[in-house]
Amino acid sequence: MLQLKNLYGGYGKITILNGVEFEIPKGTITTVIGPNGAGKSTVFKAIFGLLNVHSGQILLEGRDVTGRTPKQMIGEGVTYVPQGRNVVPQLSVYHNLELGGITARDQSAVRARIEKVMDQFPMLREFRDRKAIELSGGQQKQLEVARALLLDPKLILIDEPSIGLSPNLVAEVFRTLQALRDDGVTILMVEQNAKAALAMSDFGIVLELGQTRMHDRADALLADPRVGQLFLGGHMEEA
Amino acid sequence: MFKTITLATALATFGIIGAASAETLKLGNVAELSGPGATVGNAWTDAINMGVDEINAAGGVLGMQLEIDTYDTQTDAQTSRALVQKAIDDGAFLILGTVYSSSTIVNMLVTMQQGIPQIVGSESPSITQKGNPYVFRSSFGAQKSMPKIAAYLDEGLGAKSVAVSWVNNEFGKGGHDAFVAEMEARGIEVVADVSSEVGQADFASDVTQLKSANADAIFVYLHEEESARLLKELRKQNVEAPIIGETTLLNQKVIELSEGAADGIMGHVGLTVDAPNPEIQAFAKRFSDRYGYKADHNAMKGYVAIYTAATAIERAGELDRQKVADTLHNMTITVEDVPNILLNVSWDETGEVSRESFLVEVQGDETIVKDMLPAN
Amino acid sequence: MSDFLQLIISGLSTGSIYALAAIGFTLLWQASQTINFAQGEFVMVPAFFILIGSRVLGLPFPIAIGFGLAVAVFTLGFVFKRLVIQPMLPHGHLPIVMATIALAILMRELVKEFYSAEAQTFPALFSEQTFDVFGAVISHQDIGNLAVSAVAIIALQLFLGRTRTGRSMQATAQNPGVAEILGVNVQRMVLYTFMINAALATLASVLISPIYLAKFSNGEPIGLVAFLAAIVGGFNQVRGALVGGLLIGVIDNLSAAYLSSEYRIAGPMILLIVIILLRPQGLLGTSEGRTV
Amino acid sequence: MKQLKILGLVAILAGLIIAPFTQATYGTYVLSSWLVFTVAAMGLNLTLGYAGQISLAQAAFMGIGAYSTALMTMAGLPWIASVVVGMGLCFVVGLILGYPALRVQNHFLAFVTLAFTTLAFLVMRNEEWLTGGIYGLVGVPRPSVAGLSLMDGTRYYFFTLGVFILASLSFWWLVNSPWGRAFKGLRENPIRANSLGVDTRLVTLLAFAIGAAYGGLSGALMAPLVQYIDPMSFTLIISLKILLMVVVGGSGYFFGPFLGAGLVIMLPEFLRFAEAYYLMIYAALVVFLMVVCPSGLLGLLSRGIAAIRSREPAERGDLKEGAQL
């Protein structure tokens, strides 16, 4: 599905990715973990065309998509849900959803799709005409995930979906992601909350200093003592 | 002067002073060529350049051709000070300008310290009241024109009260203070005293105040564009009282810009191209033929300034600045002597001018001279 | 009483024109964090485009307005955005502030040298006929100015709220990062904002020039007032700029009449300081979205 | 490298000492005025370049300094006393103005200072009993040093040069001393400075107030130079002019204001050949400079040096927004 080959890149003169390599299969959830500054979010931005790739390749279903713009990536069936709050605050929930399909030519299909997504997330239908800023943090995150689904993507890049959410909301978001996976969508996720994330994932990748340190089945990584020691330590207990 | 010029030309023709005629006499013109005063400074400068060409064509001054260096103050007082210094460094024998009083008050300190005669186009009373022996006007200071207006208000209109609209800068403040003093002297009550800013857009508030004062007359002392805006607003709010002004209010530009609202206004004008004098008419024609726009009082000031300079140097008889300044004090130039001085004019010991002036009224878009007022 | 009414109505009429300039100002701020110090000149210059159309090219006046609008949208919208602002955007506010100040000087000098240093009369859209309301004199022009500004602002609000392009522009203004990852063409939305600003400025120019006359030096006072109106009303709201414009128009008149004509601009300035201290987001602004 | 710098400084200083002897009165006056404005620009550089605050009040502070000096020296008090009062006033006003503005949000200082400059102008113009109103104050005396009168232009130039050097050295000490290192930290990395326990708001406020005091010093030098002061010399336009000096030279660079003030003051001289078009060319140059080199001339220089040292690929400026998420 998605393959990264020896990827180097970063912000301006600063290089953060130092030869990242991995491949993820279609219809799976893969979680990227690693210490702060390992380049987890940076990988996503590089894939989505938000920053300079100095060298290396990004392949999507075998095609080279290196250096595409975000808009072109959306055209390729990839959507991105960044960290933090990413709603348009003064627009209504409905109009926020609509923006998820802004690039589509067929807007009536987008409207149909909004209905479908609102079926999936009934809360959104309830608050359809509220300003996005008036939703709670968890609701906003659901809105973002829902918005990322509008164009029926093949691959979703989702960065730290659990930040700021209560544990049961996190579980809800995770369940949503699993349901999507079961529909055939491929999901690549970054999570601080590594234990919970790996528990619901198919595969896991450990990133350190901009390089792939480990790449294995999620349950295998969970069982690996090195992972526990290095990256899950404090977090596991806290979570 | 003309005798000398004729003599010089004659001598030059015989090749006697051939060497002398190649010499030039350098003058500096420091004026507002850019910034808010650009309109004023350009008219002043154009007229000076025209005068210089005419004087040179007639043989120059003391047998020398005039050379004029022009400096742009950007309508900034400090820049004007620096540029007057630069003009002196460049060898200017005499300085013309500036027109804006705010600049003149600063840069005349330089000419005073270095003993350089300076002929200015500014009207603020304070300029000739500071005891500077080198500064001379080419038009009235406000303290000379206001008594004439006061007399007209008092005796002509029989006004007992007046409302004043003035612009709050050096030009307006000087005129305002001189006017109010005259009103006090004559026992006319100032019932509304409204200041405005240069470049002010909305005169609704000013007019509301002028109107509600119910004065016998309204006196306006603003720059041209603000005058036009005020007149329009006065007409809009149906103000009936007679509107009286000084020079700027009766400028052709005001009449044009106010699109009919100037009809019926009256006032006193020191210099106007609409005066029926043949010399003024001839000047106005030469000016508009050469520059393609109508001369105004600022152009006339510049023209008078360059002829004043030329005549004073000629009469002093040698290139001695002190002597030129001494000559200018208590000097009179008549139109018989120098037609291009436009009107007979005298200077007193402070450098203030005195000459005839006009009482005019706007009828439609014409300025009609109602009366000639004697020099005071 | 009639005086008071007169001051209010005249203030609203001029204030509505200030509002148009102020709205453009806030739009540019929202879309690209551009504090446009040449905003006053953006209002000054279109009058000259129109005068060139009618006096130099001999176009009938309504067509000359169209011509002026087109030239303004192209030069003050498209060219300004592409050649001046875009290269500076990644470097923060300061270069933009300085460049727009210099641009203001440049525009003034161009008009002065290549059109005229003198003020020009400008045809009015509405008659100067007047009528009385409780002793206050109101002209058709006053009503016309208010009406045209109101229509323009309502149309703008509808466009921003009711069309997909308008909402994409809002998204760009409120959260450009999100707009970009959703595939909104951010640069194009910013460009639209600049073009709308140019159009609003042209409208303001057409309304204010008959009263104010067209002159190269007019930009400075207009720009300052637009700036004040934008801050007072709220930098991130179209409504705010509208209220700010009207308020400044009225307060300017009232402070001249009842405070002191010598201190008339002090009224709006003190209001500005009070607003910044008590309600920094402006009267109608919201503290969400981008912050100043 | 360091020796080269010292050599350069000595050469510039020598040039400044020789300069008035090669110039006519006008040239000396322009040089003096450059020194005066550099002091004001230096102050603004602390506010803008180090603390990142846009202030539009530098002309108003110059006004406070100039009026204090004019009023006090014309009343017979020594110049130095008027400087202390002028700078002190500016410092206090700076604190009063800056405190509420900082309490709110960053760029509000620009708006507050804009309003302050306008209000200060109104007071200078309207309060005739104190300030002489629109006519200003005429005949500001030049001070005497050790019984030596400075009425002569060249002597006053050297006096200004002396004060200027003192002001520059203080500024240098201010940003390089252990105590003043906070200013540098603020410029280089405000977030880190904050995390290192520097109270960034306090430092910013101090930067503004000290910058204001430099404005006051500049005004105190200006009044005796021009020997006349009026409200028109301290308007918003002049504030913008000083801002231009700092930005064109390179804000945050020690020598930025020196270069910027020189350019802004000298450029009209160089462009005199263009006559009526010079302001146009001047403005176009500034727009061009800001477009191609937003960090000012010294920024351009240091970028050039950096580029020679290491060639790096250019950034994709168009994708900046999303990358910030």
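Letters A, B, C and D name the chains as they come in the text, with residue numbers starting at 1 for each one.
The criterion applied here is as follows: a contact is a pair of C-beta atoms (placed from the backbone, for glycine too) under 8 Å apart; a residue touches a chain by one contact, two chains touch by 3 or more.
Remember, predicted model here, so these are calculated numbers, not experimental data.
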Where subunit B and subunit C overlap in contact partners, by chain label: D
Far-end chain from subunit A, centres as C-alpha averages: B
Contact-richer chain pair [C-D vs B-D]: C-D
Most central chain, Cα average position: C
Computed distance of Cα centres, subunit D from subunit A, in Å: 50
Where subunit C and subunit D are represented by their mean Cα positions, the distance between them in whole Å: 31
Between subunit D and subunit B, distance of the C-alpha-averaged centres to the nearest whole Å: 38
Length of the line joining the C-alpha centres of subunit A and subunit C, rounded to whole Å: 42
Junction residues of subunit D - those touching two or more other chains: 125-126, 276, 279, 315, 319, 322-323, 325
Multi-chain contact residues (two or more partners), subunit B: 34, 168
Shared interface positions of subunit A, touching two or more other chains: 48, 50, 70, 82, 86
Interfacial residue positions of subunit A with respect to subunit C in the complex: 48, 50, 70-71, 74-75, 80, 82, 86-91, 95, 98-100, 102-103, 107, 133, 147
Residue ranges of subunit C in contact with subunit B within the complex: 3, 6-7, 10-11, 14, 109, 112, 117-119, 121, 128, 130, 137, 139, 208, 211-213, 215-218, 220-222, 249, 252-254, 256-257, 261-262, 264-265
Contact footprint of subunit C on subunit D as seen in their complex: 48, 54, 100-101, 104-108, 111-112, 114-116, 118-119, 122, 125-126, 236, 240, 243-244, 247-248, 251, 276-277, 279-280, 282-284, 286-287, 290-292, 294-295, 315, 317-325
Subunit D residues touching subunit B - in the complex, by the definition given at the top: 24-27, 29-30, 33, 125-126, 133-136, 138, 226-228, 230, 232-233, 275-276, 278-279
In the complex with subunit C, residue positions of subunit B that touch it: 34-36, 38-39, 42, 168, 194-197, 199-202, 204-206, 208-209, 212, 224-225, 228-229, 232, 236-238, 253, 256-257, 259
